Amino acid sequence: MSNLTYTVIFYLFAAITVFSAGFVVFSRNVIYSAFSLLFTFFGAAALYVFLSADFIAVTQVVVYVGGILVLILFGVMFTNSIMQSKPKSDIINIVPGILLLAAIIGALLFTFYTSHSWMPSETTLQGSIVQRIGFETMSRYVLPFEMASILLLAALIGAAYLARFEKPGNNEH
Amino acid sequence: MLSLIVFLPIIAGLIILAVPSSQKQIIRIVSLLAAIAQGVLAVLLWRTYDPSMAGITAAAGGNPVGSFQFVEKLPWISLNLGGLGLFNIEYFLGVDGISITMVILTALISAIGVLSSWTIQKQVKGYFILYNLLATAMMGCFVALDFFLFYVFWELMLLPMYFLIGIWGGPNREYAAIKFFLYTLFGSVFMLLVMIGLYFSVLDPMTGNHTFSLVAMADQHNFIKDAILGPNNVMWRYIAFSVLFVGFAIKVPMFPFHTWLPDAHVEAPTPISVILAGVLLKLGTYGMLRINFPLFPEVFHAGMFVIGVFGAINIIYGAFCALAQQDLKKMVAYSSISHMGYVLLGLAAGNSEGMLGALYQMFNHGTITAMLFLLVGVIYDRAHTRQIDKFGGLSSYMPRYAAVVTIAWFASLGLPGLSGFISEAFVFVGAFSSVTTRYIAMVSVLGIVFGAAYLLWSLQRMFLGKRKADAAYDLEVGADGHEHIHFHDWKGKLDLDSRELVMLVPLAVITIFLGIYPMPIMGMLTTSINKLVQVLTPVVLTSMN
Amino acid sequence: MHSLIQLSIVVLLLPLLSFVILIFFNRRLPRRGDFVGVGILGTAFAISAYIFWTVIVQTYDPAFRVAWNFTWIDLGNVPGVGPLQIKMGVVIDNLTAIMLAMVNLISLLVHLYSTGYMAGDKNYGRYFAYLGIFTFSMLGIVLSDNLFSIYIFWELVGLSSYLLIGFFFEKDSAANAQKKAFLANRVGDIGMWLGILILYSQFHTFGFSEIYANLAAGKFTLSNAWLTASGILLFMGCVGKSAQFPLHIWLPDAMEGPTPVSALIHAATMVAAGVYFVARIFVLLTPDALHVIAFVGAFTAFMAATIAITQNDIKRVLAYSTVSQLGYMVLGLGVGAYSAALFHLVTHAFFKACLFLGSGAIIHAMHHEQDMRWMGGLRKHMPWTFATFTLATLALAGLPLTSGFMSKDAILAGALGFATVEGGGIYYLIPVLGFFSAMLTAFYMGRQIWLVFFGESRTHLKPADDHHADHHAHDSHAAHGDEHHEEHGVHEVSWNMRAPLVILATLSVFFVYSPDPLDGAKGWFMHMIQTPATVVGSASLEKPAALATAQQPLLAEAAVVGAGHAEKDVPESAAAEKGEEKGGHTFADPRQAEIAHATHGAHYTAIYISSIMVVLGISMALIVFVFKIIDPDKTAEAIRPLYLFSLNKWYWDEIYDATFIRGSVILSKVLSWFDTNIVDGLVNGVAVTVRKFAFANAGFDKYVVDGMVNFTAFSVNTTGAVLRKLQTGKVQTYVVMLIIAVFGYFVYYVTKLVY
Amino acid sequence: MEQLTTIGLNHYLTVSAFLLGFGLFAVMTRKNAIVILMGVELILNAANINFLAFSKFNGGMQGVMFALFVIVLAAAEAAIALAIVINVFKTFKTVDVSNIDSMKE
């Protein structure tokens, strides 16, 4: 495919990501921001593909969209009753927020573009990396991998414990 | 033995500490038992004491304990000061003729005091604990032969006294207590300085290092020639003598320093007045005899006349002040100032008769003044006033009381046949026999007349004649047709009750017996006193004739 | 130990026993135990009578003396003196024996009399107890062999007189009187005590014989003035007890006591103790001291007599006559009429006791009326009292055939002789005063007799206002409860009060003492009691050092003569006696010998003059009170100042009150003010200044030093309060801060980078 | 122009920068706990983009592996966080973090 289309598609997804992220942040309606988060995740996944990390992109979609986003939606529903017309969450001290936002972004961009010149190596990632991930996981990152699994288990139990509903009758405190 | 006699009251105090404060009777009985045990021990001591041993100073051959008896000598505090050598304080107890009599007196008066404390109702537990502490401290002062130990006991005495006056005293008690405390502290501070000075100028002939032992100090050979208080350092010796003397004179109390006494007496509760007058005042003169004079004999010799003059002032001045008092207790207080003047005069004479008279007077004043204060307490319990003019004609209504009062009063004015006379007589004999104080004695004889004057006057105003118009009691005609006296809110027995008799009769008996046959006490004194007089006179007394 | 000694100790202790029994148990005993007192005194008198018999009658020896002593206090080996003991002891010689008998007899009689007089008093038992202790201490004075024990008993006598005078202590007058008596005695006693001290400081002993021996051996190292001083000071004791001039004021007031007590103590025994004491120490009195004594005595005799003239209280008259008679005795001692003075002591004791007991009977009968102006006509009602009283009065006035005559004129003779020896001049004042007061005595005694016994009863004349002011105090009510309220008549007293009067009256007749009514010197008394040699004769005045040498030969030959003269030879006593008297009329001291000789010369002159004086006095009394030729009241008006002067006792009380008593009270007030304000004020002032400084110091500490500390704390506190605001607990705030910090770091980093 | 057309490292970084910024903004300013949670997710994504970009352009696997673990942790974190949020809601009846400050002072 030609270089131009590549660029255009990249910009497209980048735009989707950034703008939906902005909507997540700025929309007053929690439901909306939750859903626009969906687009952010997809955009990010697409960008991962561009970065030739297809496995990560898939994981991103599965975990984030299929897991976290659902969780978030559940959370929204638990905490804001749908019946109420528009579940709002208003924004406090917006002005300093905006300023800092601008400052951070500006600072980062300034750094990227002026003060640093990245020197990419000759060899970049090419092709699928699924096999290499498998090797790395089983060989070099086996310990973090196991720890991650334990962590997930703990998180599972912890989440289940924390979020459980007490039966009415024995109320704590 | 001595340790036991000293620390018995403390033990009792500890026991009391364990008794719940609601058990007043048990507390009283415990301390009474302790006092009685102490008395028994004292009598034992007295019987087993060998009057032929002099004491005072180290015996020939440098025997470190001298010819003292019942000696207990243990190293107590001993720390190495490097350059200053070994700093050792000993737990050194012992008695000689001078202290044995005082030990007996202290035991007696403490027992009497416990009895008269029976009426104390306020915070009985604390009271008796402090009381026992006081008893221990007094006893300790009389038997301690280590200057440091003596000082410890001396200071230990202040604390309970302060609280006993300050808590259980009369309306103006805080003032009196503070006054007493500061006055005595003022004296003892100087004593501390002199003590340190002495420590560094005296060597123990046995061990060769510095010592606090009074026995060693009493021997002039043990002084380092050029030390701060050594024989060559005349000026400092005079200064040390003077400040030490002031320290003891405050306790006596001597004329310019006497004003704490009336306040303390008037405010203190009866038992404390008894202790104060009976024992504490003696500590002043005892200290002079034990420490002040033997350690600086030549200064004493130079100062005899001055001391005698102050004694005379005490006698006459005290008598006059007593003559003017309206408050009976205050009168008694001033009378004891006057009587301690006799002691000073006798000491100033510096010969055996005078010293003997002085020490015997110390003992007798202890017993007699105790009686006086107890009697004042008796009437104060009943009438709640001590104003002499508020009474009159009492002897018709309280004959027993009047009889005991008469004995005590006449003993106090030195009537022959009662112990007070013999001591005063010997004081005068001694003072007159020494050329230094002859004329002082001539003047002080006036004290006899004025003493009789104020005592008889008060006796007449309170006991003779008829009831005064504004008397503190009423008369009512009883069933048997006789007039009876009646105090406003007094439930107890009108005349002396049995407890008061138990306190007073022994004292009266002692007074009379010692007035007829003084040897039981004098016999223990003579040897020590003759020795003391030798120590005090570098040259043979030429003043004797 | 000599048997007499044992007996005498028993005698001494018996009255004490009675005191102890009665003071404790009188309420439990029947009749309040008066029989105990009487019985014990009876025993004591019996024993002392035996002693008297053995000493005076059997061993008829002027030099008789037995002594015994024991160590009372042992002072051990006193530096500068050597072994030293204080001894107590008993000595018996003629004088002691006589005094023992006399004291016990009068005491016994008074006990007996009191059973009647004091009957029904509420303190009846205690009264006898007091009599017991008085007798004990009096006997102690008589028996003791050293100055110290004499001083002890001396004061005890003072005590018992204090107790007895104030027996009716509910009367303020009695309370005052007892205090006055004790204090006056005390003043005398301190003089005596100083005298004793002077002697002790020289010899380190109190015993008479040791002192005299040392004195004779010239061990007295001080100047002779000291010796004279000691003599005069010792005499001060006598001045107090025997109520001589400066201190006589207490005796009249002492009449507040019960009348028997006045008889026993204030007439017969206690007041005589002073004279007895001077007699004991006679040998160490220097001539100068003797002169002082003589003048004091003469003046007292005269003054008291003048006062006695105008007194109206029957007992006060007798009191002042007692003072005057004691003046006689002291005068006698002063002039060296030693034995005469003691003779007068004994005779006076008897007849004056008789007079007092008689007056007691009268007062008793008159229901405690003491004022002679309201008496009179008692002659018929009380014949016994009248007779005995008159006899005693004659004796006191000194009419011939009475004991008083002999003793008094012996004294006057001595005075005359003394005057002649001393070379006339001022010394003749003494006999003159003596004779004049003899006349006055006769006069006022005549007055008293007349007022009391003759004429008509004047009881009704008594103004009603002061009727029984305090005479009718509790005791009269108690004493004669109701029987007086029904019959108010005067009646003769009962036997137990009459018997003593009779006995005493008989003892004041001449033959008891001497066969010759005109010369007592022929009697046994003057023989047994003879003037002792003084160890400080005029020879020793100049240089006491030579005294020993001057004295020894005299003493030696005196001893020889004494031994030769004495009928019965008592070697121990002769040996024991150095300075003491020697047998016969030989004197170790030339001066004494001279006086004695002159006295003999003056004997009859004295008799004549004194008889004339007495007759003069009595006739004057008759003129004034019987024949009414001179109206006493008019006379009084005529010489009003003199009359008042006498009536008010020469204003001595007022003078003393204004000077000594008021003075000392004011002084005491001043001193106690000084004590509370100046001395104590000084102390408090120091305390205050110290406190002020302390407060200032504390302020500095509080506001500056502590201020700094607090400021630090405060600042920290405030900063904390400010910073706490940042801790909102909101995560977002923290995030904001975090980001700001990051951005800050970024800016810093970039600037570093750029520049 | 060449800068824009040829997609290089900086482009990815820019995107991640924006995501980071927005995430921070959400964490800073939103009151609703869940939205804050979303902000956190954004931040994580930004990080992931960074990791992957760097590992792409220097050809190492570290970035990739790290991103993988980040996702895992993100999942765990999300679960716990939501559970906490729900508890908070049960306790405070709200998820407004500005009211959930019981530990304050």
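When the chains are written out, they are named A, B, C and D in that same order, and each has its own residue count from 1.
The rule we apply is simple: a residue touches a chain if its C-beta (ideal position, glycine included) is under 8 Å from a C-beta of that chain, and two chains touch if they have at least 3 such contacts.
It should be emphasised that the depicted structure is a prediction, and the values quoted were computed from it without experimental measurement.
Undergrad: Which chains lie in contact with each of chain B and chain D?
TA: Output, common partners of chain B and chain D: C.
Undergrad: Of the chains shown, whose Cα mean is nearest the mean of all protein Cα atoms?
TA: Answer for the innermost chain: B.
Undergrad: Indicate the whole-number Å distance between the mean C-alpha point of chain B and the mean C-alpha point of chain C.
TA: Each chain's C-alpha centroid was found; their separation is 34 Å.
Undergrad: Return the distance between the CA-based centres of chain A and chain C, expressed in whole Å.
TA: 130
Undergrad: What's the distance between the Cα centroids of chain C and chain D, rounded to whole Å?
TA: The mean C-alpha positions of chain C and chain D differ by 125 Å.
Undergrad: Hey, how far is the Cα centre of chain A from the one of chain D, in Å?
TA: 6
Undergrad: Considering chain D alone, which of its residues make contact with at least two other chains?
TA: As it turns out, chain D has residues touching two or more other chains at 24, 28-29, 98.
Undergrad: Multi-chain contacts in chain A: which residues touch at least two other chains?
TA: In chain A, residues 92-93, 96, 100, 104 touch at least two other chains, as defined above.
Undergrad: Can you list the residues of chain C that touch 2 or more other chains?
TA: 732, 736, 739
Undergrad: What are all the touching pairs of chains?
TA: A-C, A-D, B-C, C-D
Undergrad: In their complex, what parts of chain A are in touch with chain D?
TA: By the definition above, chain A touches chain D via 3-4, 6-7, 10, 14, 17-18, 21-22, 24-25, 30, 33-34, 37, 40-41, 44, 47-48, 50-53, 55-56, 59-60, 63-64, 67-68, 71-72, 74-76, 78-80, 89-94, 96-98, 100-101, 104-105, 108-109, 112-113, 118, 120-121, 123-125, 129, 132-133, 136-137, 141, 144, 148, 151-152, 154-156, 158-163.
Undergrad: Can you tell me which positions in chain C touch chain A when the two form their complex?
TA: 732, 736, 739-740, 742-743, 746, 750, 753
Undergrad: If you look only at chain C, which of its residues touch chain B in the complex?
TA: Touch residues, chain C against chain B: 72-81, 84, 148, 151-156, 159, 166, 169-172, 174-176, 179, 182-183, 186-187, 189-190, 193-194, 197-198, 200-202, 204, 221, 664-665, 667-669, 671-672, 675, 679-680, 683, 687.
Undergrad: What part of chain C is in contact with chain D in the complex they form?
TA: These residues of chain C touch chain D: 724, 727-732, 735-736, 739.
Undergrad: Which of the residues in chain D come into contact with chain A in the complex?
TA: On the chain D side, the touching residues are 4-15, 17-26, 28-35, 37-39, 41-42, 45, 48-49, 52-53, 55-59, 61, 64-65, 67-69, 71-80, 82-87, 89, 95-96, 98.
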